[in-house]
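Sending over a structure as structure tokens; questions will come in a sec.
Chain lettering (A, B, C and D) follows the sequence in which the chains are written, and residue indices restart at 1 in each chain.
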Amino acid sequence: MKKIAESVKQMLPTLTPLEAPEGMTKEEMTEIFYKMSLIREFDSSVKDLWMAGEIYGLAHSYVGAEAIGVGACMNLEKTDFISSTHRGHGHTIAKGGDVKAMMAELYGKYEGSNKGKGGSMHIADIGIGMLGATGIVGSGMPTAVGAALTSDVLDNGSVAVCFHGDGGTNQGVWHESMNLAAAWNLPCIFLTENNHLAIKTKLNESSKETELYKRAIGYGIEGIAIDGFNVFEVYKTMKYAVEKARNGGGPTLVEARFVRILGHFVADDQKYRDPQEEIDAWTADPVRRIKEYLYTRTDMFTQEEVDQIAADARAKVDEAIEYARHECTEPPADSLYTDIYANNEVIL
Amino acid sequence: MAIINYRQALNDALREEMTEDPTVMIMGCDVAPGGSFGVTLGLLDEFGPKRVRSTPISEPGFTGAGVGAAATGLRPIVEILYSDWITMCSDQIVNMAAKMRYMFGGKVNMPLVIRSPFGAGGGVAAQHSQSLEAWFNHIPGLKVCTPITPYDVKGMLKEAIRDNNPVMFFEHKRAYQLKGEVPEGDYTVPFGKAAVRMEGTDITIVTYSMMAVYAQSAAKKLAEEGISCEVIDLRSLLPLDYDTVMASIAKTGRVLVVHEAMLRGGIGGDIIAEIIERGFDLLDAPPARLGALNVPLPYNAGLESLCIPNEATIMEAVKKALSDK
Amino acid sequence: MKKIAESVKQMLPTLTPLEAPEGMTKEEMTEIFYKMSLIREFDSSVKDLWMAGEIYGLAHSYVGAEAIGVGACMNLEKTDFISSTHRGHGHTIAKGGDVKAMMAELYGKYEGSNKGKGGSMHIADIGIGMLGATGIVGSGMPTAVGAALTSDVLDNGSVAVCFHGDGGTNQGVWHESMNLAAAWNLPCIFLTENNHLAIKTKLNESSKETELYKRAIGYGIEGIAIDGFNVFEVYKTMKYAVEKARNGGGPTLVEARFVRILGHFVADDQKYRDPQEEIDAWTADPVRRIKEYLYTRTDMFTQEEVDQIAADARAKVDEAIEYARHECTEPPADSLYTDIYANNEVIL
Amino acid sequence: MAIINYRQALNDALREEMTEDPTVMIMGCDVAPGGSFGVTLGLLDEFGPKRVRSTPISEPGFTGAGVGAAATGLRPIVEILYSDWITMCSDQIVNMAAKMRYMFGGKVNMPLVIRSPFGAGGGVAAQHSQSLEAWFNHIPGLKVCTPITPYDVKGMLKEAIRDNNPVMFFEHKRAYQLKGEVPEGDYTVPFGKAAVRMEGTDITIVTYSMMAVYAQSAAKKLAEEGISCEVIDLRSLLPLDYDTVMASIAKTGRVLVVHEAMLRGGIGGDIIAEIIERGFDLLDAPPARLGALNVPLPYNAGLESLCIPNEATIMEAVKKALSDK
């Protein structure tokens, strides 16, 4: 296995070795690696396509965070919910989203998941419980609390996961969401994607206490810090938190620590950052970590098999690009006024 | 028909809808013991603590929870105790509730009601007296209503709860004791249908909420002076029933728009501009408007009373609008 | 000394015996007791006057919280700042406000501290660093942070105290204010007046963790819980926190625990509450506690002296009422448009 | 005179004011390294971390800190990165900054500037494209401005910083590269004085911000067709220079109000109602308005472009307003 840079180890004292959960099947591992690869390929392409001018607006990449979205969502049913951030592609894919519809959306096409009306920052798939990306930091947090409230009122057993960044934890609604979910003992898990940056602002510039899981104490709930580059650790921790929530144990705050590898948005050149940081961070690449693990540390996979899974993911994304480019259509002008109100009621 | 008050009408609407539909729930500061205005009295006992929830003081958080709940299968009613404080949670209303359906390509439902007492009076000063409905009329994706009779407030709250869109439901905080006839049994009052409260021939007064009450008493006094006013209570502002407004203006040739919100930036300007676009030629005189003075509401009772339109200032404005006749 | 009811002791495990700080002078003790009595008399009268219809609007009483406001503000200079809540009379008096101008304000008079434009919920006295009551829970919190920011930028050595209720700690701006002050190491002290109630909602209904001082952990600052019925304990703790802030030590969260004795606002009949709670709470009455302490536990005061101080406070309030009733005037109609903009610029 | 762009003009204004007055400071998300639009580049080095502060992502908190700082002796400038998010901190702006002086009987100062990029374009969709200036025009105690030339943006930002009232300072997010002449040395552009950008005789176009740019290009094309437009750039919306507007209408007899904000609830209605009140008799035709469609802004470039007024739709609206001539 490649070695993780010392500087990353210092930044992330939570870094832990990969170790598959006991009894995890080959299928499950395949799904994990496939989805992580799909996110990696999807968002790598999105960056290129944006630079090439095929995709526009603001797009934020989930590259580097794949272990978190996938490790978390592997524990969720289709009837469970997640709320998202400005970085929603990875969450959508992890929750089972269709990359063709997603790519079509980024191309602004009518066949897109949002009919071309949302784009990257609002990518959504309500049918599978993905409650939508939002471009306003914090705004999606109470959405998850609301989904958990629905579960509580209807007693339908579903749980909600609130994805958010470290920067997002400074929003007032984060506090209100945490407190509300705790006070009402709702089945809501708060998952902080702590990449130690909010655009150009470092975590320790915006928060005196950078061990964010400690904030859980103030709400009387459990807080856990984990290695966000380690998909199995995310999986295990979230399995615990999800089961707890499903069994009436209320919310948990999980702080998944990692390092932002790429820029804040797809065209960010990160000039404000020490270039070595990015180079070092790649050594902890979560996709490479799981990939190498599968064929070196389990006896379930050959290297060829693993390469094939990665290739399948790549092919899937290529197919999605082809689809978006050539098989989809521009939204008709008269779709402008639909979807504002239910049943396409139009109020001029 | 029973005579009940506005508060009771609201309470009945909530009770009936919660009885009919187990997905209806309500939350807000102190709503479990009945709410600060007593609108939710008795609901906790009947529907239990899961569906009748006092919230922490977290307006953005619980409004946002309402958004999330509405997106996932409930029909939540969120109470914001004074509408001035909607400023705290307007991100959730404007950028989430109103836009989600559109941003997500029509694939989400948003049956959310935001109930909020508005209007001035009683010396509660600048942070407890505002009427900010114009803000929300500016936001596509929302519906906005301002019923003022017990009949309307009951029927329209039911309509709002059953509507699959986010509805801003403004109750007038001085109206809770207002009495009126309310029929037994289920009925709804649709959005976008104004009520002609008084028929007249000289001028159309377009108004809503408490000003509709004042406009009627002003109109009665004006009738004694031989001036015949048609009083239109809009009831819902978004959608707004321009058909009824224009039909009336076709008859009277003159119009005065009255609202309790501050004049500048109130919806009066918007209504006048729309009237002009729809029927400039129907007008025999410049369309006029009356609203609160552009002043943060002062505490002192005397100053306060100078700010808000009342029977006398409405009568004055009508006469001014008719002065060239 | 009268005995404190067992039920109150159970509600308030922080209850501690009164003990004057070492070296506190008779003058200081006199000031403490006088100001506490002034608040008590002022707000007792406000309730009566409101019931009699002489004062209107919404008014909230500081009765029962006197030890907190006075114990805190005794440590402040005129150039220090406080931000307030809907319960601002006590804060204003504690900071040195003029009860005549205050009473005139409640009567809506032009001679009032706010020219009759604010009333109870906006009582203010910027000249002595009282940054105004606010009727919106939470809205005044960042005001204190801003005052501390001014101190930091101008390096003028002043500190700011942010008064707020237990209910207020659930507002998003509370979290943001705490985090901001901590991240920027501002001289701002957060003082939670924890009376365990927010109108009719109990603390444990709106927060799972009711030990509110623990929330400080999440911001990396010190949190301290104290007896809010004990003026000396408030004084000593705030002395520590104020000195720390003044010396560059940053914010502290002080949770002063007590029990709300009267209703939420002056006309609240508290039917929703067990009447015994109020009766029991009176046994811990902070004004009586300090009063009895002064003549039984120090040898500085005779009972007559102490009674005289209380009587002086009463007389001062009576004078203020007379003033407001008979010597003040209604604001002129043309004052309606002044004070909206600086220099009385009028924009119609 | 030097030719500089809008961004540089803003940067210069900040630098000059911070140099002159040690109480001026700026804060907002990422402003220390220069801000997302580069407006604050270089200020950190020059004025240090106490006066140039990147904030945590806490819009209500840091806006409120601005309020408190303004009340206690600073002249803070708060940046809200996209004006759509002012919905998060509007309580602090509307209920605190705007009302404090009044509620406190005139005894506090509020020299606070809220800078916020607004306007649509570039596929940033429904939560990054709104123009909500009408909300703030509704609130007494605030000033609201929308300068669009480098000259104006520099002079007006200086004016805003020196003003003792809270000022909503809306920058157009597609204007940062716009170039124009800016003199050396100190100058300010006052509030409440509109600029007549083009003189004309057939119709008055009242507009502001980016639409003032489009209106001028539309007017140039219309001139080729023999239609003479007077283009008024309001620059400040509160106060609003009705003297200049009415003087122009006295000459042209017709008016078209154009804004990028959504039509319903935009300030167009308000302006039209005010024009009618001030000079109905001056009008030879119904006053007209043009604004964005009442739609949450879609991502798709084609749909997006249908929503916002542009040169072509302005030309069309002018012709319609002149159709009876």
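Assume a contact is a pair of C-beta atoms (placed from the backbone, for glycine too) under 8 Å apart; a residue touches a chain by one contact, two chains touch by 3 or more.
Because the structure is predicted, anything quoted here is derived from the model rather than measured.
Greatest Cα centroid separation from subunit D: this falls to C.
When the interfaces A-B and A-D are ranked by how many C-beta pairs touch across them, A-B comes first. Separating the centre of subunit A from that of subunit B, both taken as means of CA atoms, is a distance of 41 Å. Chain centres here are Cα means. That of subunit A falls 37 Å from that of subunit D.
With each centre defined as the average position of its C-alpha atoms, the distance from subunit B to subunit D rounds to 30 Å. If you average the Cα atoms of subunit A and of subunit C, the two centres end up 45 Å apart. In subunit C, the residues that reach two or more other chains under the touch definition are 114, 116-118, 122, 134, 136, 139, 170-173, 175-176, 179, 183, 205-207, 340, 347.
Residues of subunit D in contact with at least two other chains: 55-56, 58, 60-61, 84-85, 88, 91, 95, 102-103, 125-127, 140-141, 238, 294-296, 298. Contact residues on subunit C toward subunit A in their complex (touch as defined above): 170-176, 179, 182-183, 185, 205-209, 214-221, 250.
Per the touch definition, subunit A reaches subunit D in the complex via residues 56-58, 105, 108-109, 114, 116-119, 121-122, 134-139, 167-168, 170-172, 198-201, 205-207, 272, 330-331, 333, 335-337, 340, 347-348.
On subunit B, the positions that touch subunit C within their shared complex are 29-30, 32-33, 36, 54-61, 84-85, 88, 122-128, 293-296, 298-303, 306-307. Of all the residues in subunit D, the ones that touch subunit B in their complex are 60, 84-85, 87-88, 90-91, 93-95, 98-99, 102-103, 125-127, 132, 134-135, 137-141, 238, 261-262, 264-274, 276-277, 280, 286-289, 294-296, 298. Only residues 22-23, 25, 50-51, 53, 55-56, 58, 60-74, 76, 91-92, 95-96, 100-110, 140-141, 143, 163-165, 192, 238-239 of subunit B touch subunit A when the two sit together in their complex.
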